[in-house]
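Consider the two complexes below, in which chain A is the common component and chain B and chain C are the respective partners.
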Partner chain A sequence: MEFEPQVIIKIAAYVGGGLCMGIGAVGAAIGEGYTAALANEAVSRNKDLSGDIFKSMLVGQAIAESASIFALVIAILLLFMDIPVPSLLKASALLGAGISMGFGAMGSGVGSGFPGGQACKGISRQPKMTGRLTTNMLIGSAVCQTPAIFALVVALILMFIDFGNVPLNPTWAALLGAGISMGLSAIGSGYGGGMAGGASCEGIARNPETVSSVTTIMLVGQAVTQTPCIFGLLVSFILMFKAFPETTALSPSMALLGAGISMGFGGLGPGIGNGMAAEGAVRWVARNVKHQSELMRTMLVGQAVSQSTAIYAMVISLVLIFVV
Partner chain B sequence: MKEMGKLHQLVIHVMGYDIAFNLEVIIMTWMVMAVLIFFGFAASKKRALLPEPVQALGELFVSLLYQLTVDALDEEMAKTYGPLTIALFMFLLLSNWFGIIPHLDEPTKDLNTPLSLGIMGFFIAHYAGIKAKGLGAYLKEYCTPIFFMAPLNVIGELAKVVSISFRLFGNIMGGAIIILVVSYLTYSIFLPPFLYFFFGFFVGTIQAFVFTMLTIVYISVQVK
Partner chain C sequence: METIRQIQKKYCTRAITAAIFAGFFLILAGQKPVAKGLILATFFSILNFILMGETLPLRIGKSKGKTFMLALSSIYFRYIILAIPLIMSIKFEQLNLFATIVGIFMVQIVILADHALKIILSTREKQV
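Coming up: the complex of A and B.
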């Protein structure tokens, strides 16, 4: 059965768009549900503040939703975009874009729900800190969106950049691998970043005097939590912009695809693990602010050890790209 | 959309190698430095007990960031590394905000700027570590938990440079790409100013702070 390039492009765009929106809708819905659940708990504790809590819940949910709005934008673009020069390469780029954004929205969507929920709970516990809790929720969720933004950038590059005259055979796998690497590795980091953000809102409500220490540790913890998805971004950039020599054999293509899969799955676990470490540090700084520097050190060393598996994955994918 | 990914480069041939300069980035970096130096003069020219607004702003930067350095390191080391922290933060903050002004670009949008700052931080941290612990104890740390983990520990240290510089680069460049694509799709109506505010001011401030904090924190991990 022979397909025209025009047909294959359409197939790739429709499948990519479907994957993108379908998977992208999973995370944000869970995150928003978590926020609403904690908002219910907060209202039952302190029903006089139901107005503030309701407002805070809606703002938190709106931020959690932004990850899946990114996915919606990419899906709509995939469905209605005009491809000037249809080629098989572009088809695989479009599929890669859908995969990148779809999976990329998952972690950040769930993660941004945590700060929102904990902020609602915090308002019922410590009404005077409402303003500060909202600020912290916004910062925490915004940083937690970073993996989704990286995924969005990779998807946009895959869709809009003209890769020109590059050999089809290994490059199609590289573009698909770039999407997989970025999308999957963003899941863990987005989820983990949200855990740290949630713990910071809880901590501020528990002990308002520790605001500045908690925010600092939260930002550092979230930043280190993003490292696996930054490795994913690095691998996908190398896959997209390195020129590969043309081959007729299938094995180089599979090596490039394998590089993307290795980094994608390899970044998933460390992201969540680093998030747990950051959550613990933030939570206990709020309870015991005197031990801030020791806690930060323990968190960083723990995160570094938990990250070593992401480094193994990166080493393997770089070997697959440059050596095999 | 066509100009995406194009750079104005000055290429010089030296001894068989091509050395490329990204002219726009260099000019933007010089402009940021010029603004900062001017700000420094303006803030410290008429020093008074009741500060003028510019002096108050300068004092705010110095006191807040110095305190952060003291918290992460200690009183003694903050005297050495405090100025680094303050200068790094102010440079990054202004760099990240620079793209809001039309026709100007963020120097941090080009990987060269964050990467060189990251490598600088890496060398400073390791120098501080060797100075504080001695070379023997410093090298011994690489052989934990067992000696044959040393290559992976070295890769782990190098990965820190990658992650710190790509975090800044990815956020700023990502913001710029998103603004470009959204402006193109909406014909620059309504949405782009909000995006400029979010990616320029909000994300730019957070990432400048994160980069600075991580640089100090890496020093403190090496030292203790």
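Coming up: the complex of A and C.
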């Protein structure tokens, strides 16, 4: 059975669209479930505030859902977009786009649930801090969306840039690898960023006087947590825009696919690890604000060490791209 | 539950007002497909936000597993509705795709803009 390029394009677009929406929705659902679970706890703690708690939950979930709406946009484009010049290379790019956005939305979806849940819980403990808790929840959730935005950018590039004049082999693997690198590395950063955002809401509820210190450490922690997905973005861009010489051998293609897999999985763990370090620092600065600078230093050292594995993964990816 | 209604009313009114104002100026500038796409998608964004609020109480008082399944079902149901303007903008040239994509985020944009404005105003008040 032989397939026309048009048929292969359709298959790639449908599989990519399915992966994109299926995986993208799971992240948001887990995040929403977590928020609702903590809202339960908050309502049972202080039933009189159920209106405020529901209100924060609704606003938080509206922002938390952005990542999975990005996935919806890409999935719909993949399913219904017309491809003017069908080629096997485009099929690979479309599949890569679906993978990038699907996985990219997952971490942000789960992570955004943490600030939402902790804000609901915090409102029941400190009703007077409702406004500030909502603000920190929104900042935390919005920063969590960064990896999903990177994944969206990579998916759009893969879908709309014309790769027509480059050789099919090994570029197909580079484009697929670009999607894998971005999508998987975004999971850890999205999830980790949410951990820091959640701890900030918890900290403000515990000790409202530390609000500015908690917010500062949260933002620094979240910024460093995004680094592994920036590495993923970098490797994706190299894979998408570097010109590779034509070859009939399979090994160069596998090297490029391996580069994407290396950076994708390699960025996943450090993102979560960085988030844990940030979560710890934010949580403890609320309890012991006098030691803010020591806690910040410890967090940054911890994040730097956790980051090293992402750097190793990036080095291996670059070796696979430029040396092998 | 009155506060959920209030918050929905507040953000939905602002979102549709912003879309209509932007649409009005876009039509004056001769960008009719952009204006149509923006307003149509904003309407669906509002519908999504209202449905989200309606399904929230269903998730309370359930186990984590049930909440997750309810959230997942809610997402799929609401996203089928959100997909309508996107498919329409791909199929019909009268609707601009980019404006439609912006429009389906209109409620989120309004929420973030509202809080950003509050932060700016409170910072200024502190400085004064």
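Everything below uses one rule, namely that the second predicted complex is superposed on the first by the 323 of 324 C-alpha atoms of A that agree within 3 Å, B and C clash if a C-alpha of one lies under 4 Å from a C-alpha of the other, contacts with A are read in each partner's own complex, and residues count from 1 in each chain.
Note that in this section a residue touches a chain if its C-beta (ideal position, glycine included) is under 8 Å from a C-beta of that chain, and two chains touch if they have at least 3 such contacts.
Keep in mind it's a predicted model, so treat the numbers as computed, not measured.
Undergrad: Look at where chain B and chain C land on chain A after superposing the complexes, then choose clash or fit.
TA: In the superposition, chain B runs into chain C.
Undergrad: After the superposition on A, what does A:S293 contact: first (chain B), second (chain C), both or neither?
TA: first
Undergrad: Applying the document's definition of touch, where does A:A142 land relative to chain B and chain C: first, second, both, or neither?
TA: A:A142: touches chain B and chain C.
Undergrad: After the superposition on A, what does A:S66 contact: first (chain B), second (chain C), both or neither?
TA: second
Undergrad: Could you say whether A:L234 touches chain B, chain C, both of them, or neither, answering first, second, both or neither?
TA: Only chain B is touched by A:L234; chain C is not.
Undergrad: A:E32 contacts which: chain B (first), chain C (second), both, neither?
TA: After superposing on A, A:E32 lies in contact with chain C but is clear of chain B.
Undergrad: Could you tell me if A:I8 is touching chain B, chain C, both of them or neither one (first, second, both, neither)?
TA: In the superposed model, A:I8 contacts neither chain B nor chain C.
Undergrad: With both complexes overlaid on chain A, does A:L219 touch chain B (first), chain C (second), both or neither?
TA: The first partner, chain B, only.
Undergrad: After superposition on the shared chain, which partner residues are touched by A:F150: those of chain B (first), chain C (second), both, or neither?
TA: Only chain B; A:F150 stays clear of chain C.
Undergrad: Could you point to the stretch of chain C, among 7-15, 79-87, 97-105 or 115-123, that collides with chain B in the superposition?
TA: 97-105
Undergrad: Of the residues on chain A, which ones does chain B touch that chain C also touches?
TA: After superposing on chain A, chain A residues 77, 142 contact both chain B and chain C.
Undergrad: Please give the residue numbers of chain C that touch chain A in the complex, ascending.
TA: Touch list, chain C to chain A: 1-4, 6-8, 11, 49, 52-53, 56-57, 59-62, 64, 67-68, 70-72, 74-76, 79, 82-83, 86-87, 90-91, 101, 104-105, 107-108, 111-112, 115, 118-119.
Undergrad: Under the stated contact criterion, what part of chain A meets chain B in this complex?
TA: Of all residues in chain A, those touching chain B are 77, 139, 142-143, 146, 149-150, 152-153, 156-157, 160-161, 213, 216, 219-220, 223-224, 226-227, 230-231, 233-234, 292-293, 296-297, 300-301, 304, 307-308, 311-312, 314-315.
Undergrad: Where on chain B does chain A make contact in their complex?
TA: Residues 1, 4-5, 68, 71-72, 152, 155-156, 159, 162-163, 166-167, 170-171, 173-175, 177-178, 181, 185, 202-203, 206, 209-210, 213-214, 217, 220-221, 224.
Undergrad: Which residues, counting only chain A, touch chain C once they are in their complex?
TA: That would be residues 21, 25-26, 28-30, 32-34, 36-37, 39-40, 43, 51-52, 54-55, 57-59, 61-63, 65-66, 68-69, 72-73, 76-77, 80-81, 131, 134-135, 138, 142 of chain A.
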